[in-house]
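To keep things simple, chains are lettered A, B, C, D, E and F as they appear, and every chain counts its residues starting from 1.
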Amino acid sequence: MSIDRPSKIQATIDLDADGKRFGALVVPHSRNDSAWGSIRIPIAVIRNGDGPCALLVAGNHGDEYEGQIALRDLARTLDPVEVSGTVIVLPGLNYPAVRSATRCSPIDGGNMNRSFPGRPDGTITQMIAHYVATVLVPRADLVLDLHSGGKTLDFVPFAATHRLPDKALEARAIAAVEAFGAPVGVVMLELDAEGMLDTWVEGLGKLFVTTELAGGGSSTVRSNRVAATGVRNVLKHMGILRGEPEIAEPSRMVDMPDERCFVAAERNGIHEPLAELGDEVAEGQPVARIHSMDEPSHEPAVYVARRSGVLIGRHFPGLVQAGDFLASVAVDL
Amino acid sequence: MSIDRPSKIQATIDLDADGKRFGALVVPHSRNDSAWGSIRIPIAVIRNGDGPCALLVAGNHGDEYEGQIALRDLARTLDPVEVSGTVIVLPGLNYPAVRSATRCSPIDGGNMNRSFPGRPDGTITQMIAHYVATVLVPRADLVLDLHSGGKTLDFVPFAATHRLPDKALEARAIAAVEAFGAPVGVVMLELDAEGMLDTWVEGLGKLFVTTELAGGGSSTVRSNRVAATGVRNVLKHMGILRGEPEIAEPSRMVDMPDERCFVAAERNGIHEPLAELGDEVAEGQPVARIHSMDEPSHEPAVYVARRSGVLIGRHFPGLVQAGDFLASVAVDL
Amino acid sequence: MSIDRPSKIQATIDLDADGKRFGALVVPHSRNDSAWGSIRIPIAVIRNGDGPCALLVAGNHGDEYEGQIALRDLARTLDPVEVSGTVIVLPGLNYPAVRSATRCSPIDGGNMNRSFPGRPDGTITQMIAHYVATVLVPRADLVLDLHSGGKTLDFVPFAATHRLPDKALEARAIAAVEAFGAPVGVVMLELDAEGMLDTWVEGLGKLFVTTELAGGGSSTVRSNRVAATGVRNVLKHMGILRGEPEIAEPSRMVDMPDERCFVAAERNGIHEPLAELGDEVAEGQPVARIHSMDEPSHEPAVYVARRSGVLIGRHFPGLVQAGDFLASVAVDL
Amino acid sequence: MSIDRPSKIQATIDLDADGKRFGALVVPHSRNDSAWGSIRIPIAVIRNGDGPCALLVAGNHGDEYEGQIALRDLARTLDPVEVSGTVIVLPGLNYPAVRSATRCSPIDGGNMNRSFPGRPDGTITQMIAHYVATVLVPRADLVLDLHSGGKTLDFVPFAATHRLPDKALEARAIAAVEAFGAPVGVVMLELDAEGMLDTWVEGLGKLFVTTELAGGGSSTVRSNRVAATGVRNVLKHMGILRGEPEIAEPSRMVDMPDERCFVAAERNGIHEPLAELGDEVAEGQPVARIHSMDEPSHEPAVYVARRSGVLIGRHFPGLVQAGDFLASVAVDL
Amino acid sequence: MSIDRPSKIQATIDLDADGKRFGALVVPHSRNDSAWGSIRIPIAVIRNGDGPCALLVAGNHGDEYEGQIALRDLARTLDPVEVSGTVIVLPGLNYPAVRSATRCSPIDGGNMNRSFPGRPDGTITQMIAHYVATVLVPRADLVLDLHSGGKTLDFVPFAATHRLPDKALEARAIAAVEAFGAPVGVVMLELDAEGMLDTWVEGLGKLFVTTELAGGGSSTVRSNRVAATGVRNVLKHMGILRGEPEIAEPSRMVDMPDERCFVAAERNGIHEPLAELGDEVAEGQPVARIHSMDEPSHEPAVYVARRSGVLIGRHFPGLVQAGDFLASVAVDL
Amino acid sequence: MSIDRPSKIQATIDLDADGKRFGALVVPHSRNDSAWGSIRIPIAVIRNGDGPCALLVAGNHGDEYEGQIALRDLARTLDPVEVSGTVIVLPGLNYPAVRSATRCSPIDGGNMNRSFPGRPDGTITQMIAHYVATVLVPRADLVLDLHSGGKTLDFVPFAATHRLPDKALEARAIAAVEAFGAPVGVVMLELDAEGMLDTWVEGLGKLFVTTELAGGGSSTVRSNRVAATGVRNVLKHMGILRGEPEIAEPSRMVDMPDERCFVAAERNGIHEPLAELGDEVAEGQPVARIHSMDEPSHEPAVYVARRSGVLIGRHFPGLVQAGDFLASVAVDL
C-alpha cells in the first residue's frame, strides 16, 4: 500500500497554533492486554508566528538518553516569546522502546531508524515512522535527530552529516554541524542509508543534523551539557532563537572515508579495550583484545586499527560476540 | 544440613602440587537439557614451594569485568618461578552468571555474595559458595575479591576493607588496601554483611581485600590498568611476588560513616546525573534529577547529597526505578 | 501475491453434502516442535437440501466465549431435518488464540479481525482469513460473527450492524439485528473497518451481523442465553430454521455517531468504574477514576462522559494503562 | 533462622506519631537490573491520640481491586481529627504482585497469604510477611484484610471470619463481620490455614476480618461501594470513627461446613456456568458444564452441586483446567 | 518440618478395595492462573484379595516414554481376576513434567528423583514425593520405577539394581532384575543416591527395580516391547500374575565399578558418536568427537573410553555443552 | 522490492580463487544487544582450476546433524590437489538456527527452506536465502542439500529428487541420487514446493540432490557414514573428485505417488509407534497409537497405513499433537 494513504495516528494538540502545547500522538494498538488500546507518544509544540520550523527528535532508539533529557528540558523551559517560528519536540520517538530501555521496539522488534518512510498500515514502528515522514517532516526546515551509542556502543561526542549529492545542501549541513558545537564533527559516508530518517529528510532537500553523544545506555554531566548546548545552538543557527551559538572550541571536523574505519570481532569472549575514545591510533595498533571465557589458558585474540586516525567509537559491553562492532577510527577532514 | 558435609564439586586439577595448572571445578547439574550434565568453573593454580597462599577471585558477580580480565591475564602469564607460595585464581566464580553477563545466576537467581558459606546440598550458587568457603578459603592467607559496579552501578576505582572487631586484622587489611594502590581506598561499615565472602573470610581471621573498579558492565583502559597493577601489588605485599608494590600516587583514604552516604530514587523516570564520580559535593547539593518519561511538562525531581564529601558511586542506567540507588558520598578518613 | 491463488488449507469433510458432519480445516504449519505439523480448526456443516446458507463464526478473537459455547451447543444438537438449507459452524475460528485464551494468535500475533481477506501464502492468521474469505463466505447468504469483550472489555449484550452505502442492505441488516433479539442493537459507524470480516462480507453485498455479548474473558448464564437464543433467532429469520424468532423484549436500538462516544485513559493506575453497563449517563458525568498505584496521597484522575446516552461498554481489568479504552456511550436511534 | 531476628525492611515514616503521613516500607532487593535496589511498599498512618488501632490491608493478592481502591480513598480522605486511635493502611501489600496484576509475586512466586509469619532473611514475599507479622500486627487490635476473587474466581460480596477455638474471640469476630455490612457474612472452616495472615492474627488473640468482594480481576460500582462502606463500618464498630455502621440490610449469615461445599473440574475445556452467584441451588443440580475445545461433537461434562444452599463463588475464566475450582455453595447458619 | 505430618494430597479412589479403579491424586496448587487450583495425577489400583503389592511407576522424569506407555496399557487391560494381591499404577508420576515433556517439573524445576522422601509443605514436586514415600511405598512389597534416557540420553535397554548393604536384599533384587528380562541387567554403584526413590525404598528393606529402556525422548517398537514384557514378568516373579516370566534370552549382567565408566565433554560443539549402544569398546578407543560450530577449520576434539567394556549409554542431542555426559561403559559381572 | 538488488551480505574470502579458504558470510544485524552487530555464517571454498562446481549445504534446518558433521569433515580434510573444479561448502546455512539447535531461526522464526529466493532487504533468513540464490547458486552446476529429520521426525536414510517437467534433468538427478548411494532413493512429488531451495535450483535447470538421513535431533555412526560417503560419491559422480562412487549396495528406489503416503494425528497424547523405519507395512495395518495422558482408562486411538509399502518416515517425540505427522509410506518405483 502507498505511503500516501492517511495515517491512523492522531495528535491530541494543534500542531500549528501559536503558543506552547504538550500532548501526545495516539497510535491505535489492539492487543491481548488492551483490545481497544493505544500508544501515546509525547509531543510538544512551541510556536511564535511565522518563521523557520525545527523538528527535534530523541528516542529514535530507546536506550539513548542525552537527547531525551535535553529535549525534555528544552520543551519544559522554552518560552514561546523566545521563539521566532516553530519548534516541534519529540523527546521519545520510539516510545515503546523508550519505556523498555531498548534500542528497538518491544512490540514489533522494529529499528525505527531503518523504518522510514514507514507505512500507514504497517507495524507500530512503521506507522510512527510514516506519521513523522508525512505529517511532521513536511512542516520542518531542519530536522535534528539526537542519537547516542545506546547500551552496546560508546562514542566521543559528535554531531554529523553525510556526503550528499546536493553539494549546496551538504555545505549548509556542515555549517549546521559546526553550529551544534560538539567536540567532534563528522562527515559520514553511510554504507547502508536505506530506511533512515536522515535519508528521508535529505531526500526532500531539507537540512538534517544527527549526533552520537556518548553511550553505554547512560549519560554524563558532560555529554548532557553537549546535548543541551547543541540543541539551542542549532536553533540559534536557524534564527529560531536569538543570539549566536555558544561554541567554547570549534569542533574537530573528521571524515570516515571507507569501511577500514571499522573493526569487528570474529570470536566470542570478554572484551578488553586497548584504546579509549579520543585516542590517536596508528594503523596496525592494537585497539582491543578478546579473552576466552571458558579457557583462561588460551591467548586472547588481538584486533588492530585498520587506519590511522582518532578513535571515535567503541564496543561498550564486557562481553562480545563474533560479528560485533569493536572500534571505529576517523581521519581529519 | 551442615556445611561440614563434603561438597559434590570436584576439581579436575591438583590444588596443592607445584607448577602451573589450568582446570575446572565440576558442579553436577541435572537439568532438562542435560540429564547427566555439569557446570565447569575455570580455575588455575600457580605454586612454587611453601609460602603464603593468595586466593584471587573475580566474577563473583557475572557482569563485572576488570577482575575477570586481570586474573585471566595473570594466570596466563605468571611463571611459577616468579612465585613464592601459592596463587589460586578463580577468574569467573559465578560462572553461569558470567556466561549470561548478569549479576546473579541465571540458574537459581542466586547472588553469590549473599550465599556464603553456602550449602553442599543447596542450589548451584550455594554449592559453589560452599566449595570456596570450605575447600579454597582454608588454604588461603589472603582473599582478594575483585568487584566493579556491574551493569547498574559505576564507581571511582577503589579498594576496600571494613571496620573489624579485630583491630590488628583491620590494620593489616588497611595496609593491604593501601598496597593495592587504587586511586581511592575505602574503609566501609557494611550495613548488611550476612552471606558475603568478605564476612566469611574475615570471620576466619584471614586478610580480605575487595574492590569496586568502575562499572556499567564495561571496562576501560584505565580501570583495567588499576586492576592489573593492584593484583600484582597485593601479591608483592604478601611476599608471593618479589619487589615492592608500584604505587604512582597513594590512595585517597575515605570512610562511609552512615547511611546518609547514600541517595536513593523515590520515583521512576529518566536519570540525569548532576555530579560525576570524583566530584566534591556539599550537603544539599543536587546530584541527580529524574525526568518523567510520559509527561515532559512535569518538573523533574531533584535529589541532593545528604553529606559533604567525594562522590564515589552512582546509578548507571539511563532509566531509574523508585527504590534504586542514585549516588554515594564518602568522607576523608 | 494475489488472494486468487488457492488456499493450502484442506477441509477434512465435504462442505456441500446433505447431513451433519464434524471435521477440521487443516492448516499446514512447519515449526520447531513439529517439522511437518498442522493446525486443525474445528468445523461442522449441517445441510438439508437447497436453501439459504448461514456461516456462523465464534472465536474470531480467542478470549470471547458466549459464541464459542452457543455454536458448540448448536452444532451438537441441531438435527439436519430441522434445517432448510445449510449451516456452516466455525466455533473457534482463530483456533491457536482459542487454545491460548488470547485475543490474538500466539503464533504470529495476528488479530484475525484485521486480517481479512488474508493471503494464501501469509502468516497462519492470514491463511485462515483467506480460506474463510474465499472458500466459506462465497457459500453464505448471511454471516453471523459472535464477539464479546474478551479479557479487557465488557459490554451490555448487543447485536450490531454498520452504516452501509447500500441502504437496502443496511435495512436488511438492521432487520437481522432486531431478529437476533439482544437487549440492545447498535448501528455502528466503524472508524477503521479495514481488514474486518464485517467489511469483507458487506463488500460482497451479503448480510452480516456481529455482536458484543458481555466480556472479561468469562461468560454468564444470562449472556450465554442471549447468544443461544440469538443464533437460533437469526436462523429462523433466514428461514433456515422453522418458526419465529423468540423475542421477549425488542432490542433498544442505539447509534454511535462519532468519536465522542469513546473515553480513553491518559495515565496508568488502578481503574475504578463510576458507572455501570446500561446506566444512563449525562455529558460531563464522571464514568471512571484512575488511582495512582505508587502514591496513595495523589488525587485520582477523573474521566467524564463526552456525550449523554447509555453506557454500553467499559474497560474491564483493575489496572489501566495510558491509551486504554475506558468507556463508550451510545445514543438512542 | 528465627522470626525473632530484626527485619531488614525500613519504614520511611514514623508509625506512632499523631497526624497523617504517607510513606513507604523499603525492602532491600539486589538484583540483575538494580544491584543496590529496593522495593517501596506504600503505607499510610492516620493517628489521633490513644485508642484502638486498626491495620487495614489490601493487595495481599495483587489482582484483587475493591480493597485497593477503598483503602487508597480512605487514606487520602481521612482527616486525623475524625479518628480516635490509629489507622494503619497498607493499600498494596504484595506490591510487586500489585504492579504486575498477578495473585503471586513476580519476583519469587510467593503467595503472600501462605507466607506468614515469614522470615527476616527469606524471599521478598517472606520478608514482607515477616515485617507485617512482627512490626505492624503487634500494634493492631484489629486486622481487616480485603480480598476479592482475583482474575480466576468470582464471589458474591461477603465478609468472613472462621470457627475459632477461642469462642469469645469468635463471637467478637462474627460481630465485626456483621458490622462490615456486606450482603453476605460467612463463618468459614479453613481446610488449610497454615501461613495465612488470618491464622497469625487470630493466634495472637486479635480480631481479624476478611472479605471476598467480587472478582474477575475487575471491580464494579456496587462491589466498590460494599468495600468503602464496610471499611468505615468496621472502624466505627471499633470506635475509631464516630457513629454507627451504615447497614442497609443485615448480612445473610452462612456457613461452609465441609468440602462438599466445593465443586472442582476434572477435565480441560470451555467453562459454561449454569448457575450464578447468589442463586439458590439444590444438591445434584447442574452448576457448570465443560465443553471440549477440539471436538465440538463431544457431549460437554456436567458438574452438579454437592450440597443445597446458595452459590457464593465460581470459576471466572472462559477456559478451565482439570483441577480448577468450579463453584462453592454455602448453607444458612 | 517433619515428613511425619500428613500430606495435603487426596486420592479420589479407595487405594485398598478389591477391583479396578482409575482416579487421581489431587495436589492443591494455588497460582496466578487458578487461585483455588489443583493438579490431578493419574492413578489406577487393581486388587484381588490379599497377596503381595507392587507399586509400578513411570513418568518420574516427564520425557521418558516406554514406562508411561506400558503402564497405561497394563492398567487398561489388566483384569482383577488375573491378579493375586495388589497392583498400584502411577503412569505419570511427575505429571506437570509429563505434560510439558520435560525431565523436571515446569512448576518448581524439581527433579523428582532427587526429591525423596519429600516434604508435606514443600514445593509441588516435594509434596508428590512425600505422598509416594509415606502413603504408597508403605503399602508395597516391590517398587518398579521405569526410566529411559529422556531427551538428552540414550541407553541399551536394561533393568538395574544397586550394590546394597543388605546382601540378602541385593540378591533378591538381582533376581528381580533378571526376571524383568531386559537385554542387559546392571548392578550399579550410585555415586550420589541421596533423594532417589530407589534409596528410600531400599532403605525400608523393600524390593526395588529400575530401568533405562532407550532414550532421545522417543520410544521404539522394540523398547516398548521390553517394557511391556518386563512389567508383566516382574508381576509374575512376585506371584501377582500367574505363570513364569517370558525370557527369550537371559539378560547380560554387567557392573559399573567406578567413575571411569563415564566420559564427559569438556567443550561445546557438534556431537558425533563414534561408537553405538551395545558396541564393545576398548580402553582408549575413541567414542565421540566434538566439532566446532563456528570454525570448521579447527580439528574436532576426540573423547576416548576410559575402560574396556560394552557401551550402554550415550549423549543423544546433536549439540553438546562442556560438562555434558558423553558415554558410559559397563563391564561384565 | 526486486531480488535483483544487491545483497548486503559480504563474504570475507574470495569465492573464486584457487586453493582452500575458510571464512564467513557477514550478515549485518542491528539489534538490542549489538547495535552495530552482524551474523557470521561459516563458509569454505576449495578450488583447483576450471571444472564443475558443487555447492554443498547443511544446516538448512538447524537441528539436522549428519550433513553438518560430514561437510565440516570434508572441508577440513579435502586437499585442493584432489579437486578438479570447485567445492563450495556451507556447513551451517541457517546459522542462528544451528546455534540454537532449532529447525527455524530464533531471530525471525524463518524456515529457511520456505524462504527462497529470498529478499535483499528482508528478514535475516530471507537475506541469507537471497545471497545463496543470487550469489552462490549461479556459480554451481550441482547443489547438494543435506537434510535429516530434526528433533521431530525420523527417516530411513535416503537421498531424493523430484518429478520434474524437464525429463532430461530428472533423469540426471535420479542418476545423482543413485550415485549418492544411500540405502534408499526417493523420487518425490512435492505437494508444496514454493520457497524451497530445491525448487529454485531446479528452476534454473541445475542438478539438485537432497537427503533425509535419520532424525531425532541426533546422529548415529551409521547415518554419519551414509552422509560422509554420499557427499564424496556425488563429487566423484560430478568428476570433481577422482574415482567411482563407493556403493556397497544399490539404493532401493521408491516413489511417493500421493498424499495417502502420509498419516497424521488427529488428537493429542503419548505417541507409540507400531512399525519401525524400513518395515514393510500393508494398507490398513496399524502404524501408531496415541494414548491419553490424562485418562489412562481411555482406549488409545489407532492410526493405520493408507497405502502398502515401506515405512520411510515417522514422528519422533514421545508426545504428539493433533495435526502432527505420524508416518510416511513409500512404494517401490
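We adopt the following convention: a contact is a pair of C-beta atoms (placed from the backbone, for glycine too) under 8 Å apart; a residue touches a chain by one contact, two chains touch by 3 or more.
Remember, it's a predicted structure, so these values are computed and weren't measured experimentally.
If you take subunit C and subunit E together, the chains in touch with both are A, B, D, F.
Should one ask which of B-C and B-E has more C-beta pairs in contact, the pair is B-E.
With every chain reduced to the mean of its CA atoms, the largest distance from subunit E is reached by A. Computed from the mean C-alpha positions, the centre of subunit D lies at a distance of 43 Å from the centre of subunit E. Averaged C-alpha coordinates put the centre of subunit B at 50 Å from the centre of subunit F.
Subunit A and subunit E have centres, each the mean of its CA atoms, that are 58 Å apart.
In subunit B, 40, 63, 294, 317, 322 are the positions where the chain touches two or more neighbouring chains simultaneously. Across the assembly, chains come into contact as A-B, A-C, A-E, A-F, B-C, B-D, B-E, C-D, C-F, D-E, D-F, E-F.
By the touch criterion stated above, subunit A contacts subunit C in their complex at residues 8, 24, 26, 28-40, 121. Contact residues of subunit D toward subunit E in the complex are 61, 63, 102-104, 111, 114, 149-153, 192, 194, 264, 266, 321-325. Those residues of subunit B that touch subunit C in the shared complex are 267-268, 294, 322.
By the touch rule above, subunit D contacts subunit C in their complex via residues 22, 40, 42, 44, 63-65, 68-69, 71-73, 75-76, 89, 91-92, 98-99, 101, 154, 216-222, 224, 270-276, 291-300, 316-319.
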